[in-house]
Each structure stands twice: as C-alpha cells, then as structure tokens.
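Letters A, B, C, D and E name the chains as they come in the text, with residue numbers starting at 1 for each one.
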C-alpha cells in the first residue's frame, strides 16, 4: 500500500512560482525573481527525484492513483482532478523536471539583461505547471488541461518579445495550429465519452482491453486513434501541422530548448504512448502514425539541409526526430519511442542551449553564414555541442545511437520501407548536424565585429568579439552533455524496455536468427552516420565552395528546399487567404451586410415606402375622403347584403 | 430575520431592490458623485441579497425553490409566481454580479445625465432578474418587454455615433420578435385558462389542452422566434453588432452578458419545457442554424476591423454553442449550454468592459488604431489576455467547461453536430488571438497610444472580478454544475424516451 | 290617383335633385333644393303626415334654406370652378355609391315588393304627435334644447368677426 | 320630492310626469347642462382676464359636480324617461370616463386658453354641453336619443375644432370635420331609418327582441351596415378614418385630446350596444376587417409623420383598430376588454396631448418632431412624462396600454380569432416605431432649434399627474377597473334579452364560430 | 284621407335616390355650400324613409324622428354655415378642392 505521495504538489509548485513572479515580479529584483523561479523548479525536480527514489527502493508500487477534487460532473459523466503515476509518467516526470530545471538555470544567465525578466520566468514556471499536469493526468480531460496549457505557455513564450511582429505572429500561429490538432483530440474524446462513458485512463483502457484488434479501415478505435494522432500532430509538429514549430524559434532560445525540443513537443508522443491500448487494437491507426512519423522525419530532415538559421536547422531537426518517435509508436515500439524521447530531450535540449550560447556569443546573430571559427572563442560550448551532434547523428555509444537504432530495428521488423526511409533520414541528419557544426565552429569567423542586433536585450554588453557564456549557462550545458554521452546506456540490453514493460506489455522475445540482422542493421546505420559526417566535412570544411555549386546545379529544387517546399505559402494560399477573403467579402460584406442586414433594413424601408404611399391616401381633399367613406360603405353594404341573403 | 422567512420573500427582494433603488435615485439631487455611490451601493446590496439564493439552495433538488405564488390579477388569471431552479438561479446571480461592475465601469465614462443613466441601469436590472425568476408566462412577458425600454434608452442616449439607428433597430427587432411569443402565450391562456408555467406544462404533458396538437408547431415557432431574435440566432443577428458598437460599455456588458441569455433561457425553459415533442421535431434545423451561427459568427468576427463588432459577432458564435447544447437534448449538452451562458456572460462582459476602457482613452474601437499596447498598459494587457483566453475556451478557465460539455452533448446526439461545432474552438482562437495580437503586440504605430494610462482603480475593480470569476468557474465548475445538473435532468425528463441519452453523459 | 300624385311629386323631387347636381351656381342649386323639399312635403301629405309636411315647408324649405341663400348672398358665392382636386371621388366614390345604391334598391324591393299595398290609415294627427313628443320622447325633446344652444353658440363663435376678444395671435 | 308631492295631489299627473328617479338617472347631464349655462351666462359679464380663470374654474367645478352626480346616478340603476335611457354599470363606466376626460381637458385648457387667447366662455360651455351629449350616448337605449346625443357631441366638436378660427388650419379642420361628420351622420341616420323600417321600432331593446323573434330581415343587415358606417366614422376606424389626421392637426391641441378620447369612447359605447344588443352576426366580419385595416393603416401611415399631432391622430386610428379587435371577439371578455381599452387609451392619449398642447406654445407653433429634439434635456420632467404616455401607447409593461392591449388580444384569442390576434400583435410591434421616434427625438438628438420651454402651470401639472396616475395605476393594478368592466359587460349581455353569454356557447359561441369559419 | 295605393318600395326607392343624389353631390360638387346642400338632400331622403316606414308600421315614432332630424338639420345648418363663413374668411374661397392645407 502506498502512502500518499501528494503528487498534486508537483504541478502546484511551479504554478506558485509563476503566480508569485507574475504578480510580484515586476517590483522585485532579478535576484529575487531568479531565486523564486529556481526554487520552485528545483523543488519540483527534487520531488520528482524523491518519487523516483521511492520507486527505485520499492517503497512505491506503480501505478499509483491520486484523487484531488471534483472538476466536471455532468450526469454520470465525470472528470476530476486526479493524478496517475506509472513508469511512463515517471520517465516523463524526470525528463520534464530535470531538463526544465537545467533550462531554468541556464535562463538565469541567458535572460539576465531582458527587461521582462520576471515575466519570462513566470511563463516558464507556468509552462512547467501545465506540462506536469499533462504528464501526471489521470484522465484525458485533465491531460487536456495540460495539453492546452502548454500551448498557451508556448504561445506566450514564443511571443515573448511581442513588439516583434514576427514573434507575435509565430506565437499566434503556434496556438492556432495546435488548436487544429486539439480539434481532433476533442473529437476523439467525444467518441470515447460516447462509447465508453468516461475519460479516465483506467476505465477507458479497461473497457477497450478486451476488444479484439479491428480489421483495417473501419471501426471506432481506428477513428479514435487517428483523431488522437491529429491532436498529436498538432502538438508534436507532424505533417501536416508541423509548420508552427520552425516559426516558434522566434522565442528566446531557452524556450526553444525546453518547450520546442525537450518537453512540450513530445507531448504528442507521450499521449500516443499513453493511449497505446487503443492504438494496439487499431492497426490502421497505427499505420497512419507510422506513415506520418516516417514522412515527417524524412521531409523535415531535407528541409534542415538548406537552412542557414542555426535555430531553424535545429527546429527542423526536432520535427524530424519527433517523426522518428512516431515511427516507433507506429511500429508498436512505444518504449523505443519514449526512449528516443528521453535521449532526444537531452541532446536536443543541449543543442538548443548550445545554439543559444552561440547566439549569445555572437550578439544575437542566428545566421550560420555569419558565424564560423567559433570553437576557439567558445570552447566549452563547442565541446558540449559537439557531443550533442555526435549523439544526434547516431555515433555510438552516445545516447542518440541507442535510441535511434532501437527505432530503426523495430521499424524494420514492421516494414523495410520505414527502415530505409529512417536510414536515409539518419544520413541526412548526420549531414546537416555536422554541417551546422562546421559552419558554426570551424573555418573563419564571418560575423561583424560590432553588431546591430541590440533589440533583444541579452547582448547589451557590447561585443568586441565572440565570448564564452557565463558559468550559469555552461553548467547546464555540461550536465546535458554528460547525459547525452551516457543517457543511452540505460537502453542497453532492453533495460529501458523492461522498465516500461508494466505499461506497454512485456518485451517480445527476439529470435536468435534476427539478432544477427540487428547487428547488421546497426552497422549500416553507423556507417550511414559516418558518411553524413564525411560529406559535411567535405562540403563545409575542406571544400567550402562546393555547396554553392551544388545549389546552383540543383537550381529550382534547391530553392524549393530552401523555401521549405513552400508549404507555408501553399497553406496561406489554400486556407488562410480564402478564409479571410471569403469571410470578409462573402460572409461579412455580402451575406451579412448585403443580404441579411439589407433585408432587415429593406423591410424597414419598405414599411416606410408603404407608409409614404398610405399617407398619400390622405390627400387633404374632402371629396376624396367622402369617396373613401362612400366606397367603404359600399363594400360594407355589399358584404352585409351578401351575408343577409345567403 | 430567520433564513426561512427571508427565503420566502428573497426573490421579491432581489428582483425589486434595484427598482426601488432606481426610484429613490430619482429623488436624489443631481450630484453625480452621490448618485454613483448610491447606485453602486444598491447594486452591491442586490448582489449580496442574491447570494442568499445559491447559499441556501438545495442543490440536489431539481424543482423550483424560493417559490412565491400570489394572485395578482384575477381575470385573466395572472399570478405573481416567482421561483428559481438550478437553471435560473445562476442567471439571476450573473445579473446581480454584472450590474455592480457595470456601475463601476461607468463611474468615469458617464459624465452626462448621470442620474438617468443609473436609474435606467437599475430598472434594467430589475427587469432582467424578473425575466429569470418569473414562472407566470404573463409575468415573464411583462419583464421581457420591460427590458426593452431601458436598454434601448441606454443605447440611444448614452451611445456613440449611430446610436439612434442602433437603438431603434434593437428595439424594433426584438419587439417584433416578441409579439409572436405574446400571441402564443395568449393562445395557451385561452386554451388552458392559466398563465402558470407549471400548470400549463402539466396540462400539455397530460394532453389536456384542446387543439394543442394542431397548434403546437405554431406555438413553438411563436416562442422560438422571440427567443431566436434575442439569442440572436443566425439569421436574426444583425441587430447585435449595431447595438453593441453603439451602446455604452455598461449597456454592452448587460446586453451581451444577460440580455442574450434571456433568449437561450427562454428556449430552454419554455420551448423545451412546454413543447418537448416539437422541440425534438424541429431540433435538426435549429441545430443547423446554431452551427451556422457558430461558424459564420466566428468567421465574420475574424475579419471585423472594429473591436466591439468583433466581440459582438463572437457572441453570435458563442450563443450558437448554447443553442446547439440545448437542442441536443443530452445532459451534457444542456449542462454545457447553461455553463456557456454563464461563462459567456462573464467573459464577454469582461471583454466589453475592456473594450470600453480603451474607447474611453482613445474614443475609437478600430483595431487598426491600436497595436503595441502591451507596453504602455501591461496590467490592462494581462487582464485582457485572461479574459480572451477564457473566451477562447482554455481549460481551467470558464469557457472550456461549457463548450466541452455542449460539444460532447451535441456529439452524442449526432456526431456531425459535435464535429462542426468543435471547429468553433479553432475559430475562436483565430479571431480573438489575432485581434489580441493586433491590439497589444507589435510596435506602437500611433504615438498617442504611448501615453495611454493603465487600468485605474475603478476599472480594476470592474474587470478583475470578471477575471477571477472566469478562473473560479474554470477550476471549480462543480459549484455551479451541482445545482444545474439536477435541474437539467428534470428539464430533460419529457425526453425520457431516449433514456440512454438523458441519463448518459 | 295617389300613384299619379306620387309620380308627379316624385318627378319634381328627382328633377330637383338632378338639377341641384347639374347647376353650377349655388343659388340655382339652392332653389332646386327648395323644390325638392316642397315636393317632399307633398309626398308626406300623401303618406298622411300632414304635420310633418307643414313643418317641412316651414322649417326646412322656409327657415333653413333661407339661411342657405342668405349665406350664399353674404359670401357672394360665384359660379363653381371645375377643379379636379380629387380623382378618387370620381374613380372610387361614384362607382362605390352606385353599387351601394343599386344594392339598397334591390334590398328595398326585395323587402317590401312592388305590390301596391295600402299603407294604412294616416297616423299623423298633431295631437298624437304631441303626446309622443312631450311624453315618450320628452327627454330627446328637452335635450334638443342643448343642441340648439350649442348651435347658437357655435354660430356666434365661428361667424363673429375675429376682432373682438382674441385679437391676433402673435 | 317635488314629484312625490305633485303625485299626492295630482294623481293624474303621475302618469305623464317623469318620476324623481328619472331625473336622478340623468343627473350628471342635468348638472353639466346647468354649469354650461352658468358659464355661458357669466361670460359676457366678465372681462377677458377674469373670464378665463373664473369660467375655467366654474367649468371644472361643473365636471367635478358631474362626477358626483354620476355617483348618485349609479345608486339608482334602471330605465328612465320611458325607456329612453338606461343606467347600469356600463353607462356609469362611460359617464365617469367621459366626464373625467372633460375634467382633465379643462385643466389642460386652462393654460392653453391664456396662451392662445381664446374666448373662454363658449369654449368651456361647449365642452360641458358636448360632454352632456357624450354621456347621454352611453346611457341612451333609444336610437332617437342616441342620434340627438351624437349630434350634440359632434356639433360641439365641430365648433371646438374651429376655435382657433383666425388660423386657416383650424377653420379647415372644422370644415372637414363638419362636412364629413354630417355626411357620416346621414349614413347613420339612414341606417336608423332602415332599422326602423325593418323592425318598426327605434328602441334598441325592442329592435333586438323583434330581430330575435324571427329570421333577421335583409333590411336589418343593410341598416346595421349603414349604422356601422356612421359609427365607424365617429370612432375613426378604417376605411372611414380619413378625417382624423387632418382634423386633429388643425384643431386646438386640448380639443384633440378631448376629441380623440371622449366622443370616441361614447361612440364605442354606442357601437357596443348596437353590436351586442342588436345582434346581427354578420357585422363581426366587417368589424374584423375594419379592425385589421385600421391597425395596419393607422400604424403604417404614422411611420413618416413629422407633425406630432398628426402622428397621434394616426395612432388613434390604430388604437381604434385594436379596440375593434375586442369587438370582433366574443361578447364576454371582448366587451370588458374594449371598455378597459377606452379607459386606458383615454388616460394615456390625453396625457400625451396635454404635453403636446403645453409644448405647442402660442399659435401651436411647435408641433413637429424637430421641435421635440433635445426636450429630454431642456425639460426632463415633461419629457419623461410624455415618454411614459408614449410607452403606454406602445404597450410596454407597467402602463395601462400594456394591459389594454393584452386584454384585447386575450379576448381575441379566447374567441379563436388567431389571425386577427397575430395581425394585432404584429401591428403592436411595428407600431412601436413611430412612438419611438418621438422618444428618440427627445432623448437622443440634440436640439437644433430655439424652442422656448415654459414653466408647467399648476393646472396642467394636475392634469398630467392625473393621467400619469391613471396610466400607471391601470398598468399595475388593472384588476378593479377590469372587474368593473366585466361586471357591466355581463350586465349588458344579460339585459340584451337573449341567453346569458359566458355560460352558454349560444351567442358567443356562434359568433365565434361564424367569424372563425369565415376567416 | 283614403288609403294610399302607392307601394312602400316606391317611396323607399325615391328616398334612396335622393340619398344617392346627396352622396353624388358631395362627391362631385366643388362649392362648399352646394356640398352642404347635398347633405341636406341626403337628410331629406332619410326623412322620406322615416315617414314611409311610419306609415307602413303605423308607428308615429318615425314621424317624430323626422322632427328631430329637422332640428338637427337646422342646428347643423347654423353651425355649418358659420364654419363656411369662417373658412371663407381665412381662405377667400368656397372651392372645396382648395381647402386642403391639412394633408398627408
């Protein structure tokens, strides 16, 4: 029997931090603000660790339920504030609080100069609150609180520098695109309510578990699965709703690291994994997940090749890596997905923070073409980012290698097509990541000595030349670098899978025959990663003039890739513009004004016109009046005679 | 006074306290400050009195409570019959909650004919409360019509440029809509000999009304038309943007916050209560209109260049949710509809107050006149954001609960209703956040905006309760749903043929 | 005999009425109206209403018509101008009137037929009329005085020259 | 007393002389006539300044005495003067109404006379005498007397309409009223003649008995048609309404207040008796159409009206239409609804005209809507008062107009006149527009013209308060008035010598059925 | 006197004709005085009906009615002619088509 963990404290702590900083921060010093923010995010991390310890030392059995209070009650339907902890959420909990805490620390340094310092930490803590709610939810609706809430936090943080139009627009875009996904999510919830009468994970899954897997194409669970995937697409930036994530880089870099790489964007993966009971019984939905994941992984990676903005590269990389996770889920390897989620949180968080450090170093410049040769200026950053790059490229024995390989192997078991595309993506990933590394840290420094980008406030202490970040920023980098180095080791020998087995079911027994195949595939993928590295080395270090020539040779296609396949433009032309123009011209001007309101006013005018006509009966002439009387009486008499003689 | 004896007259007290205050106000000398304070005191007093209702309300009990039933006119048989159930209870409290805020928000903005303004406001409050508390159809109609004049005058006297057009349009539109209801009420009286809602309902349910089956559809339409204009349901909505844009802030707040609810309340109470059969037959097109309202209202709101018009069209959209929920005949749908009514009252009331605050400073509602306001007015921007998010339907704020329940209910009725309705959550994010961005984000384009002052004390007192209420309603909806749920369940008993739907979620 | 007399008086009546309409000078119209009234007095005699006939001649043809002629003279009314102020009167009023009269004529004929029913002994001795007038119809008779009072006052107020009391409203 | 004394000593005279009770039953008329004559006689004896005040006061006392006399009259219900008049609740109701209207009109005139410099003597005397006629109309049950009374009220109205005779408009108004009024009277008279021909009687009760005894002769149908034309004219019902706007526009404002209420009420009383006592069913269709036409035409025509008096004239046509709706409804609730309506209408319309006549100023210069702009600011109390009357005319709750309309439509609905009810309620909605225009002008527009606002004198204040109290009283406590109207309606239907109505579906039901089947 | 052998309907038709002539006169004549005379013509027509019906019913009430009509006619004539004079004073015309200040 578990004694109460008081899990509710976990989300409440950052909320308290957010509230304190939000209401009082404006009048407090930066030190006070950072103390509050760090205290609350640290405390929540400590508490997560404590929970994990208790589990580790077996004083806690999972899953663990905690009921807090009523929320919505309508008839027999109820959704209450209640929390749920199992191995899956424990992993998420640790990742979110851990990475979150590190990024809080980092932000103290990164945002120190910003005039809205308090606001940033308030938002950041708010984000933690919602993210933890999402992770710890006991039912879909509470999860939805977190789900929408992280969207809100993301909106606020992307638009943190709201005076920049692009930032404000990006925030709005993120929220709205997320809402489109939420639309699918909601419909899925309605289906669940309609057919299972509840949104509690336990109840829903218990009702579903006995059901047989549905045959392809039809069925309730398929619908629910696909709709949930729509929601996940929104949150986790998958095709076709990935478009907001690259724009989200308008936010401060720690935000990109925390929300748009490590935690929030993985919520979709978490949710799909959480709903694995549904997906496992809906093969079609699973296939959809796999296809979307695979396509996104490949598609986003190709865009990443041509990007020159350091954060944009990382953004597309994130999209691509999330695609991997969905590929895993689609292949039924939920634990592999979660594994990659975790390692990705480490190295992508690290990459973003490193990028932030770079940007910090070069005074706000984000264009890699204006960087170069930074390794001597910022060696620590270079070192940590290098580790992260190796990790994401899949060079053993770093974290990314283990998780990515697991996914590719599991995908191969489902279909070699997934594997192949995944492999190609791995090659591209390796290429653009090393491209990033070479362009940024090698060669000569191409940036301006004194920069004009003073708008962001984090670079106020004017730059003579690039300089290393303060320790408060470097320490999180180092910790994450260590995690990126070693984090993958927990997956050796399927230990991670075993850990999650109570959630996802036991690990399949791997046949001996395929063990060799697995080794082979592993070798191939390592080779591919090295190939990518080599190509990047070739193009961006030893023969830097080549990329331009290749670009020229490719011409239109290159342009298409640079412009991200014009997807934003296509969406704008297909949806946004018709919607706005149509609403303005057809709905508002035509239907509302011209038809409905005109009809109303015409009725009034018509009455007035009739009135004018009626008034002219009143000609002022006595004889006319007498005529009316005479004619009227004639009618009356005629009628009465008719009635009387009937 | 013991609570029991207070409970027996509390409705009368709550209903007529503002009127009495208004009459007293007439006698007061024209010293604006005193008048404002007096009006505030009266409205607060009414609010405090009205709190008696939820506090002593027996939540688990579905029927009418705090009932008073005294004969008023013997022939025709008109009774002074008032009572509240879980449905009307909250609408009364909503009214009394919003009125003091209206007084506060008008504190500085009304500086001419102050006395008249507050007298009208208080009279309006009485009429509004009366609409929700009266159970006698005559009494209901009485209060229903009585809301027209003070509202029209508030718009017409204290409004903006095209106030006369708007006031007349508002008046005529609703007047003509409601006469059909009068005809239907008269028919019911002629055939049942009673104006009493409960009596008539029982007679109809018992099949004791001669000629009812032939007339029922017309009666349904008679009531429906009056309510549809008030809601307003597409395509009867065009009075709303005009009325809102021209109305003074307090007028808009009450108009959106409470007056529109009269329509949906009427649909719920009377159309569903008296004509369950017809309601079911007509549900498909009513829901279609509601869906059109949701989507159409949102799309038109999206492209409005005028902030108040935008909010007005958003009301069309939101009220579409209410109607959708009501005509889904599901527990969730009706609960949700009720909750959207309350939530919309709070959040749209808040939005109108905020718009009014801006208008006071800049004398315009044009969105293009603003931009970058978050810098000079951070508190204002933050408050605005909270209300916007409540309106967008963010979980843990009030908008979400209602919309979720409504859509869930509609979905249970027919999937397509829920799906189309759910697009509304996308639209609301689109138009509100876009508007928010254009007003608050970016750089300041009009230098005068740099000098705008942040919220004043009175404005804070007016806006923050709304924000707080939005939060409380979002976090602890159970406080409201606890009373709503049994009442809705009772309202749905005539629909018990579809048992699964009713008792189900 | 009666029929001949009826027709004779009737012819005068009809002729007078038509002449009233046809004449353009009001004096001529007035004179034809007097003829109508005189002829009507004859009809009354035929119907046995001697007293009514006498009063008809004295009051109607005598007093009232004199008043008319007096006013015509006073105002020096000339020939009628043929203005067309009202198309409605011709287009709507006259046809309406014609339909009405045709219908009434039809009803009257249907009601009392055309047989020459003797319409009874003549019931009109002044004594009985007096009995009726001062007993059964006492109240209307008395009330008539109020009517006449009003008429007098009205005539005085309206016809008196506006110089006396009110002066010019400024 | 004297009569009793005479009776003791000259028993033979008892047969021929009216009894004491007979005089009591026309006491109000006697009192009013006497006061009228006093005013008339005193007029030449007083100089201009004095006469207006003193004669006004005397007239006022006269009407109040008339009200008192009505109380005495009410104590001895019954027939008088050999079935000439009948005193019952019905006639008492209209007596009180008509005399009360006259009282208020005199109060209103008090200021008006001074401003317009009108000769007071004849004016007040004519009002008093006119009221005699109107009062008699409501109690007369003999067509002769009805005719005379009608003429008294009409002729005094003709004269009063032309009282501002130096104004061309006033003279024209008078002429129009007179010519068309006489024209319509001739129709009424022809109807009486035909009714006499059809039944051999001019007494309403006898006529009704004769008609009940056998098949109704065709002549009676035509007779009722003619009488309806005459009375329809008097009440201003379409299509016999055309005189109203012109006459109201030209006549002095207080007199319009009088004309639009008192003679109308009296004419409605006559119409009620004729319609319900001389029960020729077919007329209900005519009334149905006239009601619908009046409402619609009156409301529609008023839309664009800029002259307030004229606007109120059109409104009075519309209100005549609403009243006729009650006529078209079954006798039971219909009669009482109509009676309530006349009372409520009198209160609110008179109030409105009181404000109009005060505001019109010398020579009635300020009677257009433009003149009313900004009145809410320059003269808030007056504007508020007018607003309440207008709201009552619209039919907004808390005012008499609301209950009046409500009762009327309720009656119509009871009688199953669904379409007429719908036409009525829609008209009630649409009609709100033009009243609203006045309110809009007063409150929502700024004054563009220099319009003098005079202080409200005491008498007018009194009149306004009286109207206001009546309007609001009827709007909140309609019960007693309605109860009284219902009792008298019951009596009216009972005494009309055919089967009781509300209990038996005989009369009411058949009427309803006939009307319903046709429409 | 000997009983009348003229059918009642003849009288009534004559009466109706006179009434109709009066109406037509009102409609087509322009001179106010003539119009007023038309009204008198109508009243005369009615009177004939009364007397005829009185004879028909042996009811003197009809004849009495005629007296009252005459009185009323006299009163109307007095007032009417006074009104006509008043109109003539203000408008200087007796043409009814020109007395149309008040309209619409």
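Of note:
Following the convention adopted for this analysis, a residue touches a chain if its C-beta (ideal position, glycine included) is under 8 Å from a C-beta of that chain, and two chains touch if they have at least 3 such contacts.
Keep in mind that what you see is a predicted model, and the values were worked out from it rather than measured.
Shared contact partners of subunit B and subunit D, listed by label: A.
Taking the CA centroid of subunit A as reference, the farthest chain centroid is that of C. Comparing chain pairs C-D and A-E, the larger number of C-beta contacts belongs to C-D.
Centre-to-centre, using mean CA coordinates, subunit A is 101 Å away from subunit C.
Subunit E has its Cα centroid 26 Å from the Cα centroid of subunit D.
Distance between chain centres (mean CA atoms), subunit B to subunit C: 69 Å. Computed from the mean C-alpha positions, the centre of subunit A lies at a distance of 78 Å from the centre of subunit D. Residue positions of subunit B touching 2 or more other chains: 172. Residue numbers of subunit C whose C-beta contacts span two or more other chains: 85-86, 89-90, 93-94, 97, 100, 103-104, 107-108, 110-111, 136-137, 140, 144, 147, 150-151, 154, 156-158, 162.
Looking at subunit D, residues 144, 148, 151, 155, 158-159, 162, 165-167, 174-176, 179, 183, 197, 217-218, 221-222, 245-246, 430, 433 sit in touch with two or more other chains. All chain pairs in contact, by the document's touch criterion: A-B, A-C, A-D, A-E, B-D, C-D, C-E, D-E. For subunit C in complex with subunit E, the touching residues are 1-3, 6, 10, 13-14, 17-18, 20-21, 26, 29-30, 33, 36-37, 40, 43-44, 46-49, 51-52, 55-56, 59-60, 63-64, 67-68, 71-72, 74-75, 77, 80-86, 89-90, 93-94, 97-98, 100-101, 104-105, 108-109, 111-124, 128-129, 132-133, 136-137, 140, 144, 147-148, 150-152, 154-159, 162.
By the touch criterion given at the top, residues 175-176, 179-180, 183-184, 187, 216-218, 220-222, 224-226, 228-229, 232-233, 238-240, 242-243, 245-246, 280, 282-283, 285-286, 297, 300-305, 430, 433 of subunit D touch subunit A in their complex.
Looking at the complex, you find that subunit E touches subunit A at residues 23, 26-28, 35, 96-97, 99-104. Of all the residues in subunit B, the ones that touch subunit A in their complex are 169, 172-173, 235, 237-239, 296, 299-300, 302-304, 331-332, 335-336, 372, 374-375, 378, 389, 394-396, 400-401, 404-405, 407-408, 411-412, 415, 418-419, 422-423, 425-426, 429-430, 433-434, 437, 440-443, 475-478, 481-482, 485, 489, 502-505.
Residues 85-97, 99-100, 103-104, 106-107, 110 of subunit C are the ones touching subunit A in the complex.
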